[in-house]
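Dropping the structure in here first, questions after.
Note that the chains take the letters A, B and C in the order they are written out, and that residue 1 is the start of every chain.
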Amino acid sequence: MKNVLKMMRFDYSITKGIGGKYAFYFAIIFTVMCLIGFFPAALGFVVTPFALYAPLETVRKGDFMKIYGLLPMERRYVTKALFAEIAYPQIIGGIACELLLLVTGAIGKAHLYPAFLQEKLYDDNTQQLISTLGMKYSDLFVLAALATALITIIVLFFYMILEIKGETVALVCCMPFLIAILAAAIGYMLANDNGAVPTITDMLPASTVLRVLLIIGSFAAIIAAEQLIGSFTVKATAKKEI
Amino acid sequence: MKIIIKNSSTLPIYEQIEEQIKSQILAGKVTEDEQLPSIRQLARDLKISVITTTRVYNDLVSEGFIVSVAGKGYFVAPRNNELLRERMLCEMEEAIELVVTNGRNAGLSDEEIIAAVKRFMEE
Amino acid sequence: MENILDIKGLNKAYEGFALKDVTFSLPKGYIMGFVGQNGSGKTTTIRSILNMANIDSGKISIFGLDSVENAVEIKERLGVVFDSLYLANHLNIKQIDKQLAPFYKDWSSEEFFRRIKAFGLPDNKKVGDFSKGMKMKLMVAVALSHKAELMILDEPTSGLDPVARDELLDILSEYISDDSRSVLFSTHITSDVERIADYITVLHGGKVWFTGTKDELHEKYLVLRGAEEDISSSLREKCIGFHGYRNGFDALISADLLDEIPPELETEKASIDEILVYIAKEDSHEKRSENDEV
């Protein structure tokens, strides 16, 4: 909607000056790293969008909030825009990641690079990294989509609680999730060393069709979450005072 | 026309302004038909409230010192304006009373007082 | 005379404080000074007008529109100046112009930059680095750049030096020379208001203590002074904020009681400052007598 876009542009005009630009620098760095062989760097795209909206929180407090009561704009669009400016850059980041993986994979196989770079793209170190986790190259695609969805939905929840209950409550609520995920990841990596748990390749569906559906489903889930969480927050903060 | 406000004065602001304008008009220091600033312009210039300047102009109009011309603004009333003339005659009579009283207090006879007045007129 | 702002029976309760039955109006073309002690409810009233606070009961109309139903339309035509800057500190003037322009139908960048220049504000400095006076002028510039018909200022001059305060009064004076606009100016620095306001609303303890023209206020209340033995106890009861000392007393009194005042006592015009002080004194008298009763 026009109003949501207006508010998004407003918010981005703020983050542009305090770190929004880093998103683009990171994007470039990750892309270059991919092209010279360290293609898991593409996964960095999953978190690059943070730079576009995270700095907003440093500004959105105290006296500044009065502007949302001043501007001729209904309050609900301010809230809707907040969730949109988280979800859609994340989706774009996720898609960029997938595209980059596709491109580097294709380049690697198409012998378009000079020989020494060719080796680099599938060099020992990178191969080792993936094989330690028992992954195939194609697993990365699904992993990226799932990671994007998971991270984005957690962030959306964080902001929902932030809007309704405030910063401290939001941090307290989300910390456990983050710790749990980190613990699970580390735990998995350790357990995987001993071959005690199935590898990632085994856990993911074998057929390509299912994998593609999983990827598309992840992104769809993000959109669904944005809509649901956004609407809920709008209703919950309808009577909130500035 | 000079219009200033003294913060130290005990008179309310509207009275100060009215007295200033009236005395300048009566003393003939102002040309007939001189245009006064608009109510809002005067309020802005003196940094006072619009209601105050409105009151000043309304009082001055009802006392005949200034006139309001629709669409143009406020102007010093022409000399032959009846109200103004009456007011000036009043002032003159008050002055005459003062002259006579003071003269008598100083011990002068009525003829001496009249002679003094004539001497002033001839100068 | 058309009212640009109409507040009727505004009630809003917080914990430990409440606006009770606040009613007053501001006609087009005039400046209203909104005065009262800190904590008297001025900011809450203004936040209610701006629909930034939820009203318990009552109705607020601005430009004839309802403050809640038509909040967005109203804000197009409203200019607001707060006592602190509501813009992101790291932006500069040019960025702010770009940021705000899309929100107002009548935003004029030309007018905005003209004002900025006239106020002497730098183009490429971060607005967070502006002095307090500059920040205030920036808010004024924003308020004047989208054809606002009503300007609301909430303590704009607190912390400003006399020069900056005078400059603001000049700007407001100029603004009001167009008689289709009005100004609501809340402050506890009453000297700012003493000269330039047409109307005054005095807020005390969440209630309207007086609303009307400045002249009416000064005609209604007088400062009474004299020796304690010269004032009858019945008259003393009717005094507001009675202050007795060894050699005399002073108090605020309603001019309606002029007939009851003996010639030994002196009366004088009460400044807005004095009125606020006497009202507050009266409160502490009441509190003391309540405590005494307990």
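In this text, a residue touches a chain if its C-beta (ideal position, glycine included) is under 8 Å from a C-beta of that chain, and two chains touch if they have at least 3 such contacts.
Predicted, not measured: the structure shown is a model, and the values here were computed from it.
Novice: Any chance you could check whether B-C or A-C wins on number of contacting C-beta pairs?
Specialist: Top pair by contacting C-beta pairs is A-C.
Novice: Need the central chain here, defined by C-alpha centroid distance to the all-chain C-alpha centroid.
Specialist: C
Novice: Compute the distance, rounded to whole Å, between the mean C-alpha positions of chain A and chain B.
Specialist: About 81 Å separates the centre of chain A from that of chain B.
Novice: With chain centres taken as the means of their Cα atoms, state the distance from chain B to chain C in Å.
Specialist: Their C-alpha centroids are separated by 37 Å.
Novice: Take the average of all CA coordinates in chain A, do the same for chain C, and state the distance between these two points in whole angstrom.
Specialist: 49
Novice: Can you list the chain A residues touching chain C in their complex?
Specialist: Per the stated touch rule, the residues are 6, 9-10, 13-14, 17-18, 59, 63-67, 69-74, 239, 241-242.
Novice: Enumerate the contact residues on chain B facing chain C in the complex.
Specialist: By the definition above, chain B touches chain C via 12-13, 40-41, 43-44, 47-52, 55.
Novice: What does chain C use to touch chain B in their complex?
Specialist: 29-31, 169-170, 173-174, 176-177, 179, 195-199, 213-215, 218, 269
Novice: Hey, which residues of chain C end up touching chain A in the complex?
Specialist: 47, 50-54, 71-76, 80, 82, 84-91, 95, 98-100, 102-104
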